[in-house]
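We just call them A, B, C, D, E, F, G and H in the order they show up, numbering each chain from 1.
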Amino acid sequence: MEKEKIKQLLQSVRDNTMSVEEALESLRRLPYEDIGFAMVDSHRSIRKGFPEVIFCQGKAVSQVVEIAERLAAHNRTIIATRAGKEVSRALESRFDEVFYNELARFVRIGPAPVPSTARRALVVTAGTADLPVAEEAALTAEALGCATDRLFDVGVAGIHRLFGNIQKIHDAGLIIVAAGMDGALPSIIGGIASCPVIAVPTSVGYGASFGGLAALLTMLNSCAPGVLTVNIDNGFGAGYAAAMILHGDKL
Amino acid sequence: MEKEKIKQLLQSVRDNTMSVEEALESLRRLPYEDIGFAMVDSHRSIRKGFPEVIFCQGKAVSQVVEIAERLAAHNRTIIATRAGKEVSRALESRFDEVFYNELARFVRIGPAPVPSTARRALVVTAGTADLPVAEEAALTAEALGCATDRLFDVGVAGIHRLFGNIQKIHDAGLIIVAAGMDGALPSIIGGIASCPVIAVPTSVGYGASFGGLAALLTMLNSCAPGVLTVNIDNGFGAGYAAAMILHGDKL
Amino acid sequence: MEKEKIKQLLQSVRDNTMSVEEALESLRRLPYEDIGFAMVDSHRSIRKGFPEVIFCQGKAVSQVVEIAERLAAHNRTIIATRAGKEVSRALESRFDEVFYNELARFVRIGPAPVPSTARRALVVTAGTADLPVAEEAALTAEALGCATDRLFDVGVAGIHRLFGNIQKIHDAGLIIVAAGMDGALPSIIGGIASCPVIAVPTSVGYGASFGGLAALLTMLNSCAPGVLTVNIDNGFGAGYAAAMILHGDKL
Amino acid sequence: MEKEKIKQLLQSVRDNTMSVEEALESLRRLPYEDIGFAMVDSHRSIRKGFPEVIFCQGKAVSQVVEIAERLAAHNRTIIATRAGKEVSRALESRFDEVFYNELARFVRIGPAPVPSTARRALVVTAGTADLPVAEEAALTAEALGCATDRLFDVGVAGIHRLFGNIQKIHDAGLIIVAAGMDGALPSIIGGIASCPVIAVPTSVGYGASFGGLAALLTMLNSCAPGVLTVNIDNGFGAGYAAAMILHGDKL
Amino acid sequence: MEKEKIKQLLQSVRDNTMSVEEALESLRRLPYEDIGFAMVDSHRSIRKGFPEVIFCQGKAVSQVVEIAERLAAHNRTIIATRAGKEVSRALESRFDEVFYNELARFVRIGPAPVPSTARRALVVTAGTADLPVAEEAALTAEALGCATDRLFDVGVAGIHRLFGNIQKIHDAGLIIVAAGMDGALPSIIGGIASCPVIAVPTSVGYGASFGGLAALLTMLNSCAPGVLTVNIDNGFGAGYAAAMILHGDKL
Amino acid sequence: MEKEKIKQLLQSVRDNTMSVEEALESLRRLPYEDIGFAMVDSHRSIRKGFPEVIFCQGKAVSQVVEIAERLAAHNRTIIATRAGKEVSRALESRFDEVFYNELARFVRIGPAPVPSTARRALVVTAGTADLPVAEEAALTAEALGCATDRLFDVGVAGIHRLFGNIQKIHDAGLIIVAAGMDGALPSIIGGIASCPVIAVPTSVGYGASFGGLAALLTMLNSCAPGVLTVNIDNGFGAGYAAAMILHGDKL
Amino acid sequence: MEKEKIKQLLQSVRDNTMSVEEALESLRRLPYEDIGFAMVDSHRSIRKGFPEVIFCQGKAVSQVVEIAERLAAHNRTIIATRAGKEVSRALESRFDEVFYNELARFVRIGPAPVPSTARRALVVTAGTADLPVAEEAALTAEALGCATDRLFDVGVAGIHRLFGNIQKIHDAGLIIVAAGMDGALPSIIGGIASCPVIAVPTSVGYGASFGGLAALLTMLNSCAPGVLTVNIDNGFGAGYAAAMILHGDKL
Amino acid sequence: MEKEKIKQLLQSVRDNTMSVEEALESLRRLPYEDIGFAMVDSHRSIRKGFPEVIFCQGKAVSQVVEIAERLAAHNRTIIATRAGKEVSRALESRFDEVFYNELARFVRIGPAPVPSTARRALVVTAGTADLPVAEEAALTAEALGCATDRLFDVGVAGIHRLFGNIQKIHDAGLIIVAAGMDGALPSIIGGIASCPVIAVPTSVGYGASFGGLAALLTMLNSCAPGVLTVNIDNGFGAGYAAAMILHGDKL
């Protein structure tokens, strides 16, 4: 039952063509889909101005395009994650403003967003191989209206570069740290930062890294309070949560 | 907003003291708690005549008693699972009709239910040590209105007893099989039964049984179709699902 | 010893050419193969009218065809699961009535079954990527004489669509829920449904989903009673068990 | 080299008793301990007004008291987590203002903090058994200057109560969800909330919950973006991170 | 249907009071329990002279005694494994000839068996802590009619003692090796022995031994062919299989 | 120091050109390589007439050929396991008598062995997909001088065929059972056989079979004594151990 | 054959009462036990002056005393690890010079060793709870003739103290780092030290630390080369290996 | 702030254009990047003469070349690990002295190093398939100035070859042992060697070797003290640590 239907029902009560009891019973029997319009407001894309997201992994190119077209009717910006080259090409042939980052396998349809919060996200990696995940996080946060800074390759081997950029740590409103192997970097940063740290374990490594499990466990057990963890290689989730946190002051 | 509130709202529309638009807006803004009354019907205890259940593990005796008293106001039968002796004693001092099975750590408050379906559940164990879990399953199913049969200790060491009771297998409307160690019995029974089999891995075993994990994996990988699995030692869950399945013909 | 042989033995007793003791001893020594004919009745395909099933994974195309031909001699309907395109083509060139669903990799040889029970199975997925598993479940249940409904893509991201279709939940005699990633959907549905729920974890996901293990554990630990679990990606097992449950009223 | 030593060095340069090159070389050779005083500023307790924290697990009562006394010299508020009754008694006999919550095993020494941010944390549990973890989270957040709301026992069995309190979800600046067993609640809440969700798996459960592992994996694989995870039973970590996030607007 | 019943049936055929067809149909309908008597022969205790076994873990003392009494009616020797002191005392007060080994928690009721095969089992341990498991294996093999030799504490730390007793290795008909920690000893012995080796991982160790899992995996991956593995701490299983193998020449 | 060197040393003692003390000291200092010649006797290929074995996995074709040529100098029969087609072709072009079984990826160089023990190995599989592992086991046992019987495809789905061939179970001197998925077959057979059972878990399966881990755990936890386990897919190890056991009577 | 026997054999050759060929044959047939005396030299306690070690866990107090007495006949210093108070008391009543550290559960019998190498071991912990493991490592290294330094409680929470003691890092010949929880400290130290680092994961932690597994995996995956790992809580192993490494210059 | 900046600051103090207090405050506020130059000295490549290392896995060929060029400016020798043929070809076309070992996927740019320590590393493998890992270890140690010996294929199957080369064990200053499957070799060698042993588990194996996990656990649980473990297949890490240990005498 859509808005109009409820309106008619109320009108019928007003018009005395339906008794109060009948109307009550009708409302009571309303399946959720009819009341559902009340839920529209809760859509994040409306309330926060966040774009809609298509997770491309496991979807055919045609499916992605179809979903994108449907979403484009009501959204100014759409992002697509885990998008291969074919996906980006198919979207480029269909939409005007398509931005693609091949490393991060990230697509943005629509204009580049203007940062809507003064607080910035710092995206850090331990090594070069963590870049795809870190970029996915950074591009997601940017697409959701956050300004970002990047500080790459500051793991154990380049830890002097971390300390050499400590001002960036102090300036950040939130730090995303992508690390594979031992996953120790978020603990180190968590120990010196005063803002929340989102730790993203990556599947970078071999042997007893068990596809990122070692890094994941390290991060979950971090001795530094304020470290929060997402799934292995989940750059998107880190960037999305970062944007929610950084926009929090506007609630 | 409860039923009465919506009735008043509708009355106001009827009385012309509220416009249709205002009423629509009020309904639209209804938080879920107000619409919630519509959900009452979905309560299983009402629709199916199933008793309410208290899971005692991790609850203080006083908490269990308090919850039982609250539920007793609206339910004829209440069951409490994972209930130690102290819980049973406390309930006995408070309620008239309390049945307690120490092995299964199972309490039923209220009269013994009369089977409300002609189809029967057969509860089987591989060994003696699986009895507590099997009894929990059987007592749960009985408390939910099912007649049950029992066939215990028919695992590999007593497999001739299984074949010696094959008529019970053929007569059952549903079979619950509790087994630890290798957990192979549900596969064997699943291969010869023509009704669904609910497999309950138990934590019986040592070494590489890893607290029931070995039996659980065996059951999930069963080569016999029709075998469904619940959590390790979850006799209650098996009995509850069995009752739902056996009562299904009344839907 | 086949039927004829036992008949001859009995005839010999009648004819006095064999003493009762000799006959007893002969029967007593009967290895199982000779008594085996007594087991024919227990074949589900005969008792329930269920079709025979070929699990194609790990079998050569020629092996599948050969088995299908052998089964076709005694069965009206045969189903083949995990069947690639080559398998379906080979079967189409050999049998008249071959139905193939590529997404579900499912073949049915023989006429479309007419539902033989009034109770219906509702097949639900959390996401688009769970479709192959869900379709395998639905097609299996249908091939076994059940009518099915489908409700796809109602996971967390589309949960309003779940509540918008709550009548389907209430109408179902049994619900199959396929979900990967966090595998939370069966718990949600189990909390509002009054019929049994068969949860099928899928291998959809990445990182700490560990090939469906995360979803599997979620389902096994479901707080909603009445949730039963099958192996990861085991749509066939879910559909088969569903059919057994839904036909249960005819036992 | 302490502050005084560097001052003397600089004085020597000024006094011409040390060349610029010599001084540079001296500074260059400074081991970290001498430069270390520069790091004092980075202490969160100073920058954010956050209290110091003592993790009592694995520490003797006397050790906890000793640490508390040392910290009390420079801090107005001290909190102690995983504190048994003996710890609280020992602290009560030594300090004036000692608040103890036995359920959460949480001690606060010093005055109750006044919320220093208008944004509120909502602390939610799936079941009664998750309360200790949830209380630890709530008390930590409160001790760090956040106002909190509580919404307990709204898991699958009481999900209508969740929907009945949806306004609390919408009002929260951040939601902490503690859940054991299937750990599905954070996914459900993450799907309807527009603020970040910190998921805390608890070790509540049995069998295949594997001490909270099942809930942990569910949360890491959550399909709802914006869900961040901490270690099993880590209520403190959740509360601490929540406070960092909620105070973020003041940076 | 017992032996007598079939006899009567045959007699009826002979007497012409039952037709051959009727008799055939009766036999055909025989449930397994009636044919079951044919299986008696397969009992190992009869065919091999092996004693019956009671696994005491998880059984009450009274249950063990009851089972022992029942078995004593038909068996000369009975063994009870994982038997605590109370079990042994209860059995001693009931039976005449009771032998108890406290370290191995092993009871034998009945006379000491005389070795019934010339081939001997050599039971080896890596360390002192593996003794209980090794003794359980040795006592089991002895109770099943095998002569045994023992060679204890010849792991890495005492490997010179292994080489100093190499003649024992060469003389053995079968070697049982109990080892915890790294579980490497069966591989070493398997590399120099020419008889089969039964490897028994023990739960001896700490940390990454994970309750015997490390030793178990080592043994399963042994590079020496001829190494067979049983469950962690399963001395009984090793001894039983050893006896079966050593008696094999009498088949 | 080779045989000759020790001879010279002894000769020097005899010749009085070396004192007894000097000779003793020399012998005492003998590194193992010099004493090593004493170990030749322990070679199984010499003592038991077993052929040498080449494990081809991870070796280049040329490496396999080279090793085969070296071994051929001293051995009448050589077997090569995990051998692809290229390996077999390369060996065929080099040796006269080469037997290749593609399914089992097994090569035998040299004449077909004549069984050297009257006791037979029965090789059983649960399903068709377990055939390669079972064949590897059977061919290995045959190459080591054992006669074998085969009983394939008698798992849960075809369990009537197992009971129909029970005489084969009773006739076997040892049974090898290869099974994937739930791995329940060895438990069933172990429960009715009176000879040792070697259980070979196979990696056949999907989802929670975890590459054979489920079957492995089932077998290790078998409730039937006399079941011994080898590594997943280790048909060779099963066949080799079987041959050692069956030849045991000749020791 | 002991030393004397070989001497006699050689004498017989000299005396012409045994031919060279006979003597050769006798030596050739020597089982290992007779040649065994040649291995004495390889005993570390002799070659390196290292004391003998008794691992007390799983041993009765009387067994430990007995072993200690036997070892005392040939060794000046004996150490006993994992020794409870009763063990220390029993040893004190039997030996004169007994040193006991209760925290580390470490006993040394015999005089305090004088450092026999100029290179020092630095023993570091992340937290207070890691102290028992660290002390076991330090006391072991000291008992084996190494001078040690200690640097405790310098994990993430006290990382400024690590940098404040960096000279200790630079002065060490080898660093042992004991850490639980996230186990990140060895990576950090490995990144700045120029000597080898032995990482000891401890079982300190909760939840997803899984008894030290998380810390272990972190250390195995350390991005800093030069980090070597021992078993969880294996302070003894770390100290022993450290002593071997530090004494290496004397080889 | 770079060296120059601090120099200017000191000059300003000298010039009286900045007060001592101001200068102190400036230094105190120095973010790490400005003090960072002090860390240069800690670079191992400078202090130990160790070459810089490029880990090629997950890097594009062009990235490797670029990094190599940058490093070549300041280093005489560079090594690249996990380098495929394309990497080696690209480096050969750019640098003069390029050494490539395809088996070990190891590149050395620059002259072959002359051993700078008299102590030697012995590199041992259990089987042929462990060679790539062992060679990576040996080549790394050689590139870092160590002389190495090799002893390959001395696992259980060839253990007589191990004992035949025991002098090599006794001569080594450190032993690296690479082994897959059961990973038992380091325990055996650790039991007879008097120098430290670095154990490298390899991913060689199948089934329950779980990609090297079995070997890793074996090594961590080694009963022989002095065995230290690195990550699965981490030949580089073993070689690097070996070089640090062997050069230790020069500290």
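Please note the rule applied: a contact is a pair of C-beta atoms (placed from the backbone, for glycine too) under 8 Å apart; a residue touches a chain by one contact, two chains touch by 3 or more.
Note that the structure is predicted; figures quoted are calculated from it, not measured.
Undergrad: Can you list every chain that touches subunit A and also touches subunit E?
TA: In this structure, the chains that contact subunit E and also subunit A are B, C, G, H.
Undergrad: Measuring between Cα centroids, which chain is at the maximum distance from subunit H?
TA: B
Undergrad: So using the touch definition from the top, which pair is joined by more C-beta contacts, D-G or A-G?
TA: Most C-beta pairs in contact, of the two: A-G.
Undergrad: Which chain's C-alpha centroid is most distant from that of subunit A?
TA: The chain lying farthest from subunit A is E.
Undergrad: How far is the middle of subunit G from the middle of subunit H, if each middle is the mean of its Cα atoms, in Å?
TA: Computed from C-alpha means, the inter-chain centre distance equals 24 Å.
Undergrad: Averaged over CA atoms, how far is the centre of subunit D from the centre of subunit F? Could you give it in whole Å?
TA: 58
Undergrad: State, to the nearest whole Å, the distance from the C-alpha centre of subunit B to the C-alpha centre of subunit E.
TA: Chain centres of subunit B and subunit E, defined by C-alpha means, are spaced 39 Å apart.
Undergrad: Check each residue of subunit E and list the ones that touch at least two other chains.
TA: Each of 192, 207-209, 213, 216, 220-221, 231 in subunit E touches at least two other chains.
Undergrad: Chain pairs in touch?
TA: Chain pairs that touch: A-B, A-C, A-D, A-G, A-H, B-C, B-D, B-E, B-F, C-D, C-E, C-F, D-G, D-H, E-F, E-G, E-H, F-G, F-H, G-H.
Undergrad: Residues of subunit E touching subunit B in their complex?
TA: Going by the criterion above, the answer is residues 31-33, 36, 39, 57-59, 63, 201, 203, 211-213, 216, 231-234.
Undergrad: Quick check: in the complex, which residue numbers of subunit D touch subunit B?
TA: 128-129, 160, 163-167, 204, 206-209
Undergrad: Across the complex, what residues on subunit F touch subunit E?
TA: 42, 44, 47-48, 53, 119, 170, 173-174, 192, 194-196, 198, 216, 220-221, 225-231, 236-237, 240-241, 244-246, 248-249, 251
Undergrad: Where on subunit G is subunit A touching in the complex?
TA: Going by the criterion above, the answer is residues 126-127, 155-157, 159, 181-184, 187-188, 190-192, 205, 207-210, 213-215, 217-224.
Undergrad: Report the residues of subunit B in contact with subunit A in the complex, numbered from low to high.
TA: Contact set of subunit B toward subunit A: 3, 6-7, 10-11, 13-14, 16, 20, 23-24, 27-30, 35, 37-38.
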